[in-house]
Amino acid sequence: MLKKTTIDKLPDLAAHLMEQGTLLAPVQEAAGFNFQVIADAKQVDLNFHNTVLSPKAAFFPQMEDFVRYQTGKSILEAVPVELNLKPTFLFGVRPCDVKSFTIMDIHFSGTGLVDPYWQKRRQAATIFGYAFDLDQPAQAEEFYKTLGIGAADPDGSDVFMIRKGGDLLLKGVTLKGEKLLTQLSLLTAASADEEKYFEDYIIRGRDFKTRFTFLADKNIAKKLEDIFHDSDFWMKVSGACLSCGVCTFVCPNCYCFDICDETLFSQGIRRRVWDACMFTDFTLEASGHNPRTQVFQKLRQKIKHKYSYHVRKYGVISCVGCGRCTKHCPVNIDIFSIVEEAMKA
Amino acid sequence: MSSNNPYIPMPVEISNITNEVDTNDIKTFRLTFLNKEDEKKFKYLPGQFAELSIYGKGEAPIGIASSPTEKGYVEFTVQRAGTIVPGLVTAALHNMETGGKIGLRGPLGHPWPIEFLEKKNIVIVGGGFAFTTLRSLINYMLHPDNRSRFGRITVIYGARTPGLLLYKDELAAWGKREDIKTIITVDKGDETWTGREGFVPAVCKEVAPSPYNKVAVICGPPIMIKFTLPVFFDLGFYKENILTSLEMRMKCGIGKCGRCNVGYKYVCSDGPVFSLAELEELPRDF
Amino acid sequence: MSFEPKILGIACNWCTYTGADLAGTTRLQYPQNLRVVRVMCSSRINPSFIFRAFQLGADGVLVGGCHPGDCHYNTGNLYARRRLAVTKKILEFSGIEPERFRVEWISASEGNRYAEVVTEFTEQVKQLGPQTKFKISR
Amino acid sequence: MASSFKQIEDKLKTEAKKLLKTGQVSVVLAYGKGYDDNHPMPYIAKLPSDADNIVFNEYCTHNLARYLVRYPKGTKIAVAVKAADSRAVIQLIQEEKVKREDLILLGLPAYGMKNSKTGEIIDSQTTCGLYNPVLYDTLLGEEVHGQPVVSPYDVLAQYEAMDKDARFEFWKKEFDKCIRCYACRKACPMCYCDPCFIDQNNPRWGEKSPQSHGNLMYHLTRFHHLAGRCIDCGECSRACPVDIPLYLFHKKVAKECEEMFGQASGMRIDDKPVLVNFRVDDSDKILE
Amino acid sequence: MSRIGVFVCHCGLNIAKTVRVSELAQFASTLPDVVVAKDYKFMCSTPGQEMIAHDIKQHRLDRIIVTACSPLMHEQTFRKVLAASGLNQYLLTIVNIREQVSWVTHDIEEGTAKAKALLNGAVYRSRLLAPLTSRVIDVNDDVMVVGGGIAGIQASLELANTGKKVYLVEKNSTIGGHMAQFDKTFPTLDCSACILTPKMDAVLQHKNITLMTYCEVSEVKGFIGNFDVTIRQKARYVDHSKCNGCLACTEKCPGKGLSEWDEGLVNRKAIHIPFPQAVPQKPVIDRDACTFFKKGKCRLCEKVCEHKAIDFDQQDTFTTVKVGAVIVATGYDLMDTKPLIQYGYGKYPGVYNALEIERLFNSTGPTGGKVTLRDGREPKAIAILHCIGSRDKNHYEHCSRVCCMYSLKFAHLFKEKTSADVYQFYIDMRAAGKGYEEFYNRIIEEDVKFIRGKGARVSKSAEEPDRLIVEAEDTITGKFVQLPVDMVVLSPAMIPRSDTESIKRLFNLSTDKYGFFMERHPKLAPLSTMSEGIFIAGVCQSPKDIPDTVAQANGAAAEALTIVEKDKLELEATTAMVNPASCCGCQNCVRVCPYGAPAFNETKRVSEINEALCKGCGLCASVCPSAAIIARHFTNDQVLAEMEGLMEF
């Protein structure tokens, strides 16, 4: 059943959620919006287009502690860090970012060994998806539409939210979401008109215009494979790339990590931290051999990983078209223009 | 969480250390489990590897050198890595003594395809210290319970100098057996060396095993692999019947951390064992 | 108990370290808060060493070298002077009290000066109180 | 009268084409089309026909000197340089990373550059504040005159005046934001080390995890590495996805270096970088 | 993972009084990797050392920490213990709890706490120590001496007499240096030529000395024990292998140039030997003065030379020799006093500098030893002005040390050769030297007038146009003096050679603020330099007189001998090295190293350190941004670990 509340009451809604667990929601920061653990219900702000950093950190934090140990003491005294999670509410996630969770699920908990941290954090969370505003044009660098993700796609959310003027319409998508909504007494039932508006909105969202509209994903994988050895092509498109890690760190679908032992005064923590295929030491072996040293190799890895390898391995592109990589690239490299060019090559 | 957590190592104790070579930088570590359940869970086959873990230093993926037929312990043959700046984990390991306790995560990766090898004649080609998982395979096949499952076994093993050959005692023992043919070669012998001299690819060509019902299992330094593969290909071995094992920098060992891919394959979880046919599908450049 | 600061010293082998020994041989008394790392030349000091010292919880850092012109390696301390000056400015702008970081030229014959400097610096750091800004808290 | 961006672009195209055609250079580092006009990209022209793709507009902020070190010694390169970019080239020449005789500097006088991310005019206080290149072989437009000249260090006053605890809190807040993507060092024309000290694990200079102390170690050390070398182009701050005002710190260090050693970075080819140099009569006062 | 042994010394009560030593050992034994920890009364005693040796064996220790007195005291002692026990000596760490703990506090709590912290730091560091071995190199037997003044001559002879082969490189066409210009030498007043020329001859005759006059060093490569020195033989235009020194050529030659030897007071021929006793006695052609070179015609010398020794086509040639050590003895110049316009040198013919006066006294000089003014008059009053440019904050702060003495010598000679009144204008008299004060007293008795006050100005006398007025403030009477004289002698500062910069660069020497070569240590190593295997002697190090110069020359010869006497040399083990995998090619190390040890390898695009040149200061390691330099024994990880250990408790 569709529920509703008003934007004015957002702090109350937030406060309710905070009573039940941890609330993560967009907050205005100096550099733009970002998800934060909400301490003050009034901070929650839905007047954003999308967040600077993707919400992947909610499930795959940049730093995850595995074990605490003491050097000089036996391994038997090392203590695994247990995750004691409260229920978590991830509030106001755009459909493309929601989609990224389902893609990452395949990697972290859907195939091979299960990553317990990802899985536990996922299980503890309820996701409030939040449709884009269809009357606002997409930002130039976004292209999720191309990848079959609607601007108001509720898939993957537990609760999906659409804004209608000063109102916020909420619908339970999963049983978990539905149950939660019924508990939230401050929500009222929506009218039939609103229900219709909601359904139409979702359909309308599928046709929402973004920059690229012509590609079918399967071809991308094949085509990239074909031109793998065309280093001239890769050199050309990577000419400006700095091989920094911005595009990977802001990407909701980049999952590479490193495991580090960080010790101080013989107290240490083994933890995982984000890593990036753009970094020098990513593939550097102890012998000094490094299979990927040149910028073009690194950028090729990144692009092929997302649009080709990932498709071969998991059957889905590892990109949701959020456009963060392009937007934040210091030299304005547009990953999708490269894919587009590859298709022409 | 920890019991099912693939990132948390099991505690093991170093019960024996063997210095393998005269340069002192390759040692075999025999590890015994400190928890009996861990030992039970640690079911592996030749060709798999594990992450050796030392808190404060890190982890290093190392191929399992012992055979699952050897009960009560697992063995790893480790080279001290890094020429100028020593490798963190391997150097620390080399500084350890028996009784030292470390961590172990695994078994990881795919083994040599044992079922596929059954009933076949097997040529094992090893070079340098990359002989470790081959040793595991040989000992596995030679075990009385298993020997009958496999056809003829030929081992061709080469090292730069006699001092750099691993598992010298075992090599000698195999040499005396009837059910395995062992050919040892060194690039350059010394005064005491009475065996064969010459590079592995050349020896392979000379021995020229017929491809009939045969599988070649090859492990060694990249340069050796590069020249040995064509030899077998020319001898008429099917690409599917030439097997090798790859190495790439890795961290998690379970296909999550994203760094050891060659094309769409992860060396840790899809490999490290690949057939030549599979490799040819992958890009030659990374 | 009054605040007893931990002070990290880095002293060059030829002048300041020897000067410190001289302070000992002449039985001069000074506070025991300073713990000295011996390096061959004050120019060996990497700026990161200083940052790290504060992260490790040093309440003050004292660097000692030969007087300019007397460097055992001719010009080492002339480079060090510039590099450490920049280090100090960086510390200052990052918000650490610049008084917590001091560079002194103390020759091998200046045992008394060594004792004086240590005494005075320890006193100064005491006044400043514990350094918590950079200190890594776990 | 300053030249328009379009005029400069045309000259840049012509000049690049000429240089490539005559074989005077094998590479022209300039700007090319991005996915829209507001997002041009560094562009590497190698064929005379490539020159047609060159653009120059108010969003062409990138410091192309960054790419020079990628080419093998002896490669003849023409590089389009704005004010700070030319200083970067000078600094690189001082550091013997590039040779003057291998370079042709196409000077771009530019006023009113805009930030691609925000679309706003870049406050010249956040950069070196110069409009005309310091060094060039050909100037592809009229020198900019009559625009307000700002001291590059004016912007610091407010921060210098801060109480030290407040300043510490200010920086702590800023550095805590850092996600360690290293865009700052990669965008920096003077950060050409590969590997960077922070990439190394034996010893590990700063923890890899993006926590206060690792971040602090990375940034403070980087500021030190760039002391007397940072040419104040502002690229690091513009590259930073979380908008850390790194330029402030760099400016402060640059100001101090200039005061202590009497030399600004990237102004004269024959200078020696200040921290690998000394004067016997440097004053001990600088340590106070 | 290391097996560390900690040995805490009581040093009788020296340490034990203010550090609880057994508690310290107990504390050590709780630290990770510490296998044994013991305390003992006197660790440095034989039983103490034996205990360490024994424990190394018994506990298979691989790191030793001795917690005792300063490393400057006993590091060597304990290193030997390690070496004798088969452990690399660099695996020793000394914790200084005597000089820097127990002796500087009375408080046993404080002392013990600090000792613990220091020990903990040592344990942290110790784990990361690596064994080091020093490289051994072969040593070349021969020595090069640069500069053929009295210093160079003396050093060459000394070395040659021990049987070593010496290359003596002199830039002029003769050896002898300044001393050859003098008439008499203070304080003994013996004839300079009489004592010098035999030595010059001995050099020429000595079978172990290769004399290379009219030569300059153009390149120095290598390092101690193994220098490759390239020498440029300047074209003489006379083939010395043919010339027999008859000097017929010099008579006919029409070309004229100012005689350097006579300080430009007279001319000499274009083809010339500098002075009659020159060694070698073979002429060279001064290209700038030669009529043929100037006008394309002449060649008179060629015609008269019976031995066909003249060769106008001669070019500079280069030879490279290998030597094990080098002595630099390039001497000094006198300061050019022309810019000091207040003294009128170069303006008034009556103003002379000291070396010109030396030539005037000399019987081989321009006047044949007669003291006359330029216009031939005999001076009636002479003023000698001390400290011109020396001891002067505006010019050279240093004292030139010999001026007082030679001014006295001049006074004496003036008195001897003329009837003039002689006045000394001095700041104060410095006569510290054997027999110097006596010489001073003797001169006072010779009726020389002393005016204590620095000569301030020399001007032309208004009344008598060919006389000069010297102005000064007499600091004894406080009166302003204006003294009319005929001749003024300036005693200019002795300053480094004008080509000091290039010599400095060639041999990688450093200079003090005036430009004199710097010794390694002013007291303990006054003849060595920071460049190993390179020594200095004579005035190039600092102003001094002949006795001191000769003493230094002998000393330098002995120092050089200690090197070339050896077959092999052990090099410093704690040197720096570049990890090429991390080097970004910034060349900072190359720019800063005081010894030129790092060099950039253009092909590999990384820097490399020549360990033979490296002294292990570690400067390069701290300027290396990408932390590529491993400063052995003081590596980044070792220092960082030690700091961590020091700060833990």
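Odds and ends about this structure:
So that you can tell them apart, the chains are marked A, B, C, D and E in the order they are listed, and the count of residues begins at 1 in each.
Here is the rule we go by: a residue touches a chain if its C-beta (ideal position, glycine included) is under 8 Å from a C-beta of that chain, and two chains touch if they have at least 3 such contacts.
All figures in this text were calculated on a predicted structure; none of them were measured in a lab.
Common neighbours of chain D and chain E (chains touching each): A, B, C.
Number of steps on the shortest path from chain A to chain E, with steps defined by chain touch: 1.
Summarising the inter-chain layout, the chain whose CA centre lies farthest from the centre of chain C is B. Relative to chain A, the chain whose mean Cα position lies farthest away is E.
For the pair chain A and chain D, the distance between C-alpha centroids works out to 32 Å. Remark: chain B and chain E have CA centroids separated by 63 Å (rounded to whole angstrom). Chain C and chain D, compared by their mean Cα positions, are separated by 35 Å. Each of the following residues of chain A touches two or more other chains: 71, 258, 260, 264, 266, 288. Within chain B, the positions touching two or more other chains are listed as 85.
Among the residues of chain E, those in touch with two or more other chains are 513, 581-582, 592, 623, 636, 640, 644, 647. Residue ranges of chain A in contact with chain D, taken from their complex: 30-31, 52-53, 62-63, 140-141, 211, 239-240, 242-246, 248-250, 258, 260, 262, 271, 273-274, 276, 279-281, 295, 326-328, 330-334, 336-337.
Looking at the complex, you find that chain B touches chain E at residues 84-85, 92, 95-96, 100.
Listed in rising order, the residues of chain B touching chain A in the complex are 1-2, 4-9, 11, 34, 53, 55-60, 81-83, 87, 90, 101-103, 247-249, 251-252, 254-259, 261, 263-264, 269, 283-286.
On chain B, the positions that touch chain D within their shared complex are 85-86, 88. By the touch criterion stated above, chain A contacts chain E in their complex at residues 71-73, 264-266, 288.
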